[in-house]
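Next come two complexes built around chain A: one with chain B, the other with chain C.
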Partner chain A sequence: MTMQRLFAPVTLALVLIFLIGPFLVIVAASFSAGDTLAFPPQGLSFKWILKVFTVESFRQSFVTSMFLAIGGTFAALLLGIPASYAMSRYKLPFAETVRGVVSAPIIVPGIIVGLALLRYFVVPIGLSITLALFLAHTALVLPYAVRVVSASLNNLRSDIEEAAVLLGSSRLGAFFRVVLPNIRGGILSAFILGFVTSFNQVPVSLFLSGPGVRTLPVDMLGYMEIVFDPSIAALSALLAFLSVGIVFAAERFLGFSRYV
Partner chain B sequence: MFQNRAEALALALPAAIFAGLVFLVPVILLLSEGFRVADSWTLSAYVDFFSQPLNRAVFLRTLKLGALVTVCAAVIGYAAAFAIVSLPPGAKGRMIGLVVLPLMISPVARTYAWIVILGRTGIVNQALTAVGLTDAPVRILFTETAVFIGLLQLFLPLMIISLISALENLPKDAIPAARVLGANWFQVFRKVVLPLTREGVVIGGTLVFTGSMTAYITPAILGGSKVLMLETLMYQRVTVAGDFVSASVIAFILIVMSFAANSLLKSLATARNRT
Partner chain C sequence: MSDTSYLSLDKLTLSYGKTVAVKDLDLDIRKGELLALLGPSGCGKTTTMRSIAGLMMPTGGHIRLDGVDITRVAANRRAVGLVFQSYALFPHLSVFENVAFGLKLKGLRGAELDRKVDAGLKSVGLADFSARRTPELSGGQQQRVALARAMVMEPKVLLLDEPLSNLDARLRLEMRTELQRVQKESGVTMIFVTHDQIEALALADRIVVMKSGAIEQIGAPEEIYNHPASRFVADFVGFENIFEIRNGNLVTPEGEVVLPGTLPQAAGLAWRPRAVLLGSGPWSARVRGISFAGGTREYVLDTPLGIIKAEVDASLPAHAIGTDVVFDLPVENAAVLKRFG
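Then we have the complex of A and B:
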């Protein structure tokens, strides 16, 4: 009987150590005063955390990643909201095909999307690296935008906007004044999900990154092959806190998990 | 429901055209490259690909690691999910939050942690040397074991979450009833729990298996060029040799796997809706 009573706490403790432990190790390693990556850390200092902010390539790739995550998600929403609206409120011809095409980028592994885009779109047309990355990240986030916005549109009764139209509002006016305020939470949730997905994404950007223009995670992959100091640990810890903070705030203020 | 077809198309077409041009057409062109040699349709690229021992080894290793990670995730996942559903509501919510938490963190950051843990001066080697099991550091990084550990940590949360929702739908009396009727714990699991949670373990398993098969970051960081998997092989073929034909073959294999897994999930979802 005691064995059974011990089973649950022991299992949970082991699983949590396995899942969360590495994250705590990274945080501890980033406060190290030593020059090599080690755990337990040698001494305590902020020098590696401060060093992260002085590395020029990290600063550049952080800006690139931020631009892609915000701009790409914004573009995906501009495309995705009207498409979701059409699929949920209209008798759209070939609705299933449209849904399949816009959600397909989620199923196909990112590395393939990146390579295909590079070889058959970016190179033939001669696009710049930044624009190529922007298109790829938009395509990557589009399925999430459509899924989350569709879900919140389907939860909203459609007779209120029909009532607005009957009372003389234009279709567009009804959308902006009746529908949009009601799906605001869903759109914000889609934005956060898209932002985190795009920001953490590596495989899509792998082939598309070029000289001078890289996303932050791709830059980190390159850096850690050359340098073995704790700065990558420090940067990883900072990024982890950033993502967890964003998601935690979203859950707190929006009830994020209702939408995703 | 509005009836205006032109309006509906005007709203939906920009997204569809964008996804078609930026995603669908390029991917189809890339895939077709593997079936065309000297302007005729052929499977010779696939024959060539699998005739090379390295490619076969990478293909088999990818399948093996995918299967191994899935089975281990299922075993650990059942234990964890059982423990979590038996908690009181408040503690249960917090525990689910902790299990989901790693999913929000950048996979690069999560995988890098294993370098600190498994490296030559890492915790594991320090512990082994301190206990006296080894004199020199053991090589764990850049082995299949390291990649296996990294993948398991990356995808275990997906399995646990799928199994929690399956176990919550398990009738409360099912297990005590089977115990009273004389079944031992193994029989209870095989005859009662497994059939009733089959859907959850299949959903979790598909997510874990496709995730592991198509992983890039984990084998790139923890396996290096010694332990290649399909995606790292693909990257190497393109960047080192400019070999787009092999890349196309690998892309086709990965896409077929992903679509098969996805349609399995879809058919399960519709089967549930019907009953």
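Then we have the complex of A and C:
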């Protein structure tokens, strides 16, 4: 009896440790006073956290990653919302094919996507690295945009658009006045998913990094190959907090929970 | 097109690919009329309604409203209102904002907007609900909001798609009265689509019975109820015993039968269960089923004419299952069918 009663809380504790444990290790390691990445941390100091802000390449790649995550996700939503709308409201020929093609970037391994983009797209055309990264990230995020927004649209009755039209709105006006406000939750979810996917993307970005242009995760990998100090833990911890902060801010300002 | 016609459909045709949903439909509707389009699903009634609203483009024919050909006029410029079966309220807007939606698009602002919306909500008895969110309302309240939202636009024609079918029995009676009152007060021309003959009979000034994309019969409720023109209409309004007439004889599953007396010149005869006389008459039958329906008893009879359904006063002595009874189908009680289609 007691065994059974203990089972649930113990399982819960184990799962929580499994999920949050690595994060706690990283956070603890980033406060280390020692010179190498270690756990438990040796001593206590803020010097590695402060050092993160002084590394020039981190600053640059952070800006690149933010630009790609925000810009790429926005671009994917600009393409994905109309595409989802068309697929959910009209009987399009090849709709299933389009859905499949759109999903390809999350199904095909990133290494292959990256290599193929580099070898057959970037090099022959001579695209700039930044543009290539931007296009690649947009494509990588597009599946999330289409899937999540489609789910929202399929839950929304299409007769409210007809109701809006009969009350004097144009078709386009009806989309902005009654469709968009009702799929805000889906758009926001797609944005968060897309942002996180893009920001944490490594394999594709690895192939498309060039002189002076690197995403933050790729830069961190490169840094660790040369230097093995706790600043990498400090940066990881900062990024984790940043992600949490962005999710909270998005929920707060875009009213996520109000519409789900 | 007659002179009194306010809304007229002239050879309206609508087909998707090879399927013809509505074919050469002619219909004249008077101003201020409460008209029902009645028929089973797939009869074209919804397609007809959506064409009037402009949500579907006819493939042929014309629609004229108040003297203007609106066949090609966009849905948002027709001044036609529609109360959807699902109500189609905007879930992200409050009750007030739902009703204000169309008025705002017309350019109304401030005090005038508030006044019109409040008046609209008051007229459907929802004056205290303006701040509520629509998903919190009951089905009946949602429908009132939808009605107010359409009516504040002062439409020339108000269309209602199955207005009573989503409501429970008590609300249905209430809403029926409400719709009639709104129609009388505003004088708006109302057309509603329904598959339920009771709704149509109770609410409409005139009923249009549709079948396979064409009009089967047009008439006042009493006329449709008592004098169906065809087998289809008779069946639809509750005639259970319907027979074709061939060579002056009644055609039954057991063969042609000679009825006593002369039959009227007609394609068929139909008797409601109430019109069957039980206890006297030339025919004998065996009781196969009986059910008590409050004021009456309903019998299913095995007869030389096939299965006959009869309904008699419950105050009369009951006939048990398996016993033999005699009955009559008085020709003077029958509805005379002009067509047997």
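Structure notes:
We adopt the following convention: the second predicted complex is superposed on the first by the 221 of 260 C-alpha atoms of A that agree within 3 Å, B and C clash if a C-alpha of one lies under 4 Å from a C-alpha of the other, contacts with A are read in each partner's own complex, and residues count from 1 in each chain.
Assume contacts are C-beta pairs under 8 Å (C-beta built on N, C-alpha and C of every residue); 3 or more make two chains touch, one makes a residue touch a chain.
Here the structure is a predicted model, which means the values were calculated and not measured.
Judged by the touch definition given at the top, the superposed model places A:77 against neither chain B nor chain C.
Counting residues of chain A touched by each partner, chain B versus chain C, the larger count belongs to B. Of the two partner chains placed by the overlay, only chain C lies in contact with A:159; chain B stays clear of it. Once the two complexes are laid over each other on the shared chain, residue contacts for A:207 go to chain B alone; chain C is not touched.
Look at A:36: by the touch rule set out above, it reaches chain B but stays clear of chain C. No residue of chain A lies in contact with both chain B in one complex and chain C in the other.
Of all the residues in chain B, the ones that touch chain A in their complex are 1-5, 7-9, 11-12, 14-16, 18-27, 29-30, 76, 79-80, 82-84, 86-87, 95, 98-99, 101-102, 104-110, 112-117, 119, 121-123, 153, 156-157, 160, 214, 216-217, 220-221, 231, 234-235, 238, 244, 247, 251, 254-255, 258-259, 262.
Only residues 157, 159-160, 162-170, 173, 177-178, 181-182, 259 of chain A touch chain C when the two sit together in their complex.
Within the complex formed with chain A, the chain C residues making contact are 53-55, 75-78, 80-82, 84, 86, 88-92, 101-102, 105-106, 146, 149-150, 153.
The part of chain A that touches chain B in the complex is made up of residues 7-9, 11-12, 15-16, 18-20, 22-23, 25-26, 29, 36-40, 79-80, 82-83, 85-87, 89-93, 95, 98, 101-102, 104-105, 107-113, 115-117, 119-121, 135-136, 138-139, 142, 146, 158, 171, 196, 199-200, 202-203, 206-207, 217, 220-221, 224, 232-233, 235-237, 239-240, 243-244, 247.
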